[in-house]
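For reference, the structures are reproduced in the following blocks.
Each of the two complexes below includes chain A, the first together with chain B, the second together with chain C.
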Partner chain A sequence: MKIRITDWRCDNLRIGEGTEVFELGDPPARWSLVQMPNGLGKTSTMTLIRAVLGEEDLSVEKVRGFRANDTVESGTFELGLLIEGRGGGQAKHYRLTADFDFKAGTYRYSTLRAEERGGGHEPGLVLPSDLKHILKPEFIKLFVFDGELARDIRDLNKAAADHAIRTLYQLDDLSRLRQRIRDAVSKRQEALERTSGRTQKGVSRHQKIFDEAAGQLATLKKALAEKKSTRTKLKREQEGVRTQIEEHIARSGDLNDRRLKLSKDANDIASDIQTTTLAALIAYRNPATLSPTIRSRLTNLGTVLTKARLPKSVSSDFFDEIADEGECICGRPIGDAEREILKHRKEQYLAQDQISAIAAMKDRLNSSATSETSFSATCDTLHGKLEDRQANEKAMDRLKQEAEERGDEDMGPLTERESEINVELAALNIDIERLETADTAKQRSYQSTAKTNIPLAQKHLGECKATLDEVEASFRLSRQRDSLLDQLSRIEKKALAELREVIRTETNDRLKTLVKMEQLRVKRIDGALELESDKSSSKDDVSEGQSLSVAYAFLTALLSKAPFELPFIVDSPAVSLDLDVRKEVSKVIPTLFEQMIFFVISSEQAAFAESFYELEDTRFVTLSKTADGRIETHYGLDEFKRQSGEGIAE
Partner chain B sequence: MSLRLTEDAASFFSKIDSQPIKGVRFLDIDKFYACLMLGFRYAQLASDPSLMPAFLAAGAKYPDAYQPYDSYLLGLLVEAEIRRRNLDPKNRDLIEQETVKLLDPHSPLGLSEDGIRFMNRYAAKGFEILRDAMAPPRSVDDFLVAYADLWQAKSEPDSGQPA
Partner chain C sequence: MIDNAIRRAVKAVCKVDGMNEDYERALATLIENTMMDNLDTSDIYDLLDKIEVEEPADED
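Now for the complex of A and B:
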């Protein structure tokens, strides 16, 4: 991706009231030398370029510092960019704008993409996404060169060199990715209900709970199977005992006749009880037959409603209709006031459906006097049948006793065993119901828990499994996170180390041509550049010229490896260099970047600006202040030379 | 909102054999109804009953066995409220207001939210009376006989002016 600056425009900014436009060509010249006398806003222009590229936060004081004078209330800075995507293709123009309100001390960034369909100003910085991520204030200082950086890249406390490498090669993205992984895992783990077991210990604890629950369920199922098996055996035995008792009774003819009769009676009684219970249930469900008290209350209520002439015959719907008509049924007109009163008072009346419901209820109540069989009478019959059943059972017991008394020695043990079996079966039935009932009311009455009831044990096991799965998932997630973070961290460290070495070597190659007097080298990059020379193994103390040369060498080494071709903008690039170094620098610098913009003052002509005079793809821009304070912009070498000459003469 | 048994009532009836007669079940609404009628009889409400989940499906009407008597149940609720609150049965507007408050012709059970709340509270109080009068039943026939005795044995106290 190739990024070039085509122009910039200042409205009511530090450079002066009104509009000043700086055009570098379209496409722009490779080298632009902008000659501005001191005080015309070179530093402000550099600051503004950095601000719009990086959407920098600006203080109120800083905003007001851009103001041309006290009479202007607003201003604008606009930077024109020409961006060519990867793989070539049509370059696109972007205009980054900062609008200032000097009175309020506020600003607003926007982007104009004139070539986009429906293009217009869009808030903020709208650039290709892979470019946008590197345009951070710290990185912008590398190519919109801040003289401070020349010192910072050698300051061990500031780690500016590492920052530059990390930003350009997007190593910061790995740091951000690590944080995103941490956040994503935390968020997912927080979303889990159980947060107690993110460790191996927690997983083991929940596994143990799950195993215990599974064991408990297995124990209950085994107990149920055993009890059911015992019940089957007992029922079989009960059947056998009963057959034997019948056989023993049958040995005595008269006893057998009685037994047969009692058995037949028992069947008849059971049948009668069923029929009567059904009749009683039907009578029970009808309130009018349940009790005379209830029936009298129903009829009384019907009478009350009838006497009170309820429900009223006029419904609220009637008043609604009247209100919606223009005229009352008496012929008088209905205006807004009357309509409002009608709508309000209609609430005192029931709706038609309510009237119908109450009327239906009243009709039913008034006809509730019933000739159907009463619950009480049916239950009296039922009660009699239940007593008959009891009497029949007692008669059967007596029969067995008589058989025993007639010398049948087996009868005693048989009847005794039958009683025992009945007791055992009743107890077993309760135990089985306690174990297997899923009815919540029954579970409550048995005070069932997961340790005594199979459905509850199954539910508990399901909950334990869900917890275990969650805890295991959480733990697995923690382990995956740690592993990924570790790998990312190692990749980041290795990449930084290798990049440092590549850039150190490149920087040293460039330094060989830039600084010939004393051969300086970068010994190590560890946050900052540590220098050495032929004369000293640790070279902290360097001249201004050497400092700048090291910075240029480092930056060009760094940016030459970048996936972007960036412009390089520098303020007074040679002012602090002595003439010998200037000559060297001016030989090397033009080849370093695809686009270079130099803000120069007249004194930089010698041994620096003049080296560009013969270069074809160079644009010379000269700003001057007229006697009446106006700013004039001139393009071309002649004016550039003339101003330089004047400057030198001054 | 629907009809609900109290937790204690559900436990009380839990041992009853629900299918004593072939093809006929002793339903949850039968248990609720037993309690409700006693609550209506004495026109008394439980204060803050602890209720089980509703035994009727959401939006369901009365089960078939009770549908012929739904108007009676609504009327008995209105009647019990008139008695409990000692309302003048001759006061036409008051009786109408009370009826409208408790009934809703559009709801599946014909009851307003208030009406359902009162039904549940009457049933909860009725259960307290039932529990004091009999042991938890094990069979429907025994329960019906004991329940009939309960209605025959006791005459309700004067709990306000009858409707």
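Now for the complex of A and C:
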């Protein structure tokens, strides 16, 4: 991809009120020398070119600094580009614009449609995407050359050389990527509910809590198993003792008859209790059976619903009846038109499913009045049956006592043991229920916790496991992040080391031709360029000419590696060089870039600008100020030479 | 396109860390997408998932 600058235009900017256009040709000449006296805005033009290429942020002061004078309120800078795509396709024109509002101190960047100056603006920089992502302010400074850079690349405190390499090869993007990774991991970790432990210590702590919960559950399960085993044994013993008691009672004929009858009664009572309990539950589910008051109210509601005729079966009749009445329920007369509308719209007011539900409710309410089963009466029956059972048990106890009183010595210990077993079994049943009940009401009554109840312990263990899983996942993510960040740091370091060496070698190759008097070399690049020469292993004190030569050699070496052919724009390239060095530099410079734009002052003609006089593909632009203060732009070598000869005030 | 120097650095680091070719490719793509201003956060998560870490040892 080749990028060239074709022209730029200034409206009401530092150069002067009105419009100034600088045409470099289309396609532009390879070398353009723009001769401007000092104070006419060379630096501003360089700044503006950098600003539009990089969509730079500008302060209010900087915006107002571009103003031609206090009378103008707005201004525009427009830069024309010719961009040739990969593979040498048709070159396209782009026009990048910055519009300034000097009063407000604001600005707006836009791109003008190709080939159409003054045409439709598109906001921002609209360039081919693979070019746009590299046009960042730091990179632009390399080819819209900032004179400061020539000194900075050798300043060990500024690391400008490294910075230039990092910019060109986008190594700074690796730092940006590292930050994106940190942010992405933080976002995912923050999304987790349990974020207390992202460290190994946190994982260990939650593992310990989980192990304790698992241990607690195992202890409870073991206790339950032991109690159930004991209960089984006791029940077996209880059966044995009861059998023995029955055998002893059977030895007295009359007692046995009574025992048989009591046993039969006990079975009947148990059956009745079961039946009555079921009936009570059914009655409890029917509100109408709970009390006469509730039944009365529900019956009334059923009556009201029936009269309202809301259910489906009657809703149609309801509307028909009103329609046929001749008079509405509000008292207004119903004519043929109203009658038709009523019959037509009646379906809109009740849907089928709603009507069915209401109809079912109405039927249940109406039938509630005839409900036979009263909850209260059922409860009374159940209560009576429970009293019967208690009486039966007492009668059985008396029977056993009578057997003992008739001289059966074994009966005493047997009944005593039976009582003990009953007590032990009752206690065991409570313990077992406390351990295994999942009923929340019973858990509340037992004041159960995860340490006393198995379902609660299981729930607690599940929560501990979920927490542990999240903490482990969070910790794993942290370690994965650290691993990736470390890899990226090492990649950056390794790539930078290789690139430094590549650029160092390339720079030295160029220095061989640029500086012939004393062979300068870049010893190493470590932030800045460290120089050496044939005469000195450490060359810190170099002349301005040598300094600039090193800078050019370094930049051309660097930019030769760029994925694009870029223009090179420089302000006053030779002003600080003595004539001998100028001659050397001017011989080499023209070959460095495919397009070069030099802003020069008249004093740079000698030994520098004049070396371009014979080069065919050169454009000479001369800016001059007339006696009345107007700015004039002239093209051509003659005017370029003439202005120099007149010695424009600088 | 990322520069070959970066690609070589990715390869060297992945080799030292014992990462497979699939991981190496994904890492190079992640870097390339970052440089092209085309980075998707899901690509970061996908790459992180490919990194195996040992289970933490119990401090006790």
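Throughout what follows, the second predicted complex is superposed on the first by the 427 of 650 C-alpha atoms of A that agree within 3 Å, B and C clash if a C-alpha of one lies under 4 Å from a C-alpha of the other, contacts with A are read in each partner's own complex, and residues count from 1 in each chain.
Convention: a residue touches a chain if its C-beta (ideal position, glycine included) is under 8 Å from a C-beta of that chain, and two chains touch if they have at least 3 such contacts.
As the structure is a prediction and not an experimental result, all values here were calculated from the model.
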Field: Which superposed partner A:Ile181 touches (first chain B, second chain C, both, neither)
entry: second
- request: Tell me which partner A:Ala495 touches in the superposition: chain B (first), chain C (second), both or neither.
  value: second
Task: For A:Asp173, decide between first (touching chain B), second (touching chain C), both and neither.
output: second
Message: One more residue to check, A:Thr293. First (chain B), second (chain C), both or neither?
response: first
Message: Contact-wise, after the overlay, does A:Lys261 reach chain B, chain C, both or neither (first, second, both, neither)?
response: neither
Message: Which partner chains sit in contact with A:His383 here, chain B, chain C, both or neither? Use first/second/both/neither.
response: first
- prompt: Which partner does A:Val203 reach: the first (chain B), the second (chain C), both, or neither?
  reply: second
- prompt: Which chain A residues are contacted by chain C in one complex and by chain B in the other?
  reply: none
- request: Using the touch rule from the top, collect the residues of chain B that touch chain A in their complex.
  value: 5, 7, 10-15, 20-22, 24, 26, 30, 33, 37, 40-41, 52, 65-66, 68-69, 71-76, 78-79, 82, 89-92, 95-96, 99-100, 103, 105-106, 110, 136, 140-142, 144-145, 147-149, 151-152, 155-156, 162-163
- request: Enumerate the contact residues on chain A facing chain B in the complex.
  value: 273-274, 276-278, 280-281, 284-288, 290-291, 293-294, 297-298, 300-302, 304-305, 307-312, 350, 353-354, 356-358, 360-361, 364-365, 368, 375-376, 379-380, 382-383, 386, 439-442, 444-445
Message: Show me the residue ranges of chain A that touch chain C in the complex, using the header's touch definition.
response: 129-130, 133, 169-171, 173-174, 176-177, 180-181, 184-185, 187-188, 200-201, 203-204, 207-208, 472, 475-477, 479-481, 483-484, 487-488, 490-492, 494-495, 498-499, 502, 561, 563
Task: Write out the stretch or stretches of chain C touching chain A in their complex.
output: 1-3, 5-6, 8-10, 12-14, 17, 27, 30-31, 34-37, 39, 41, 44-45, 47-49, 51, 53, 56-60
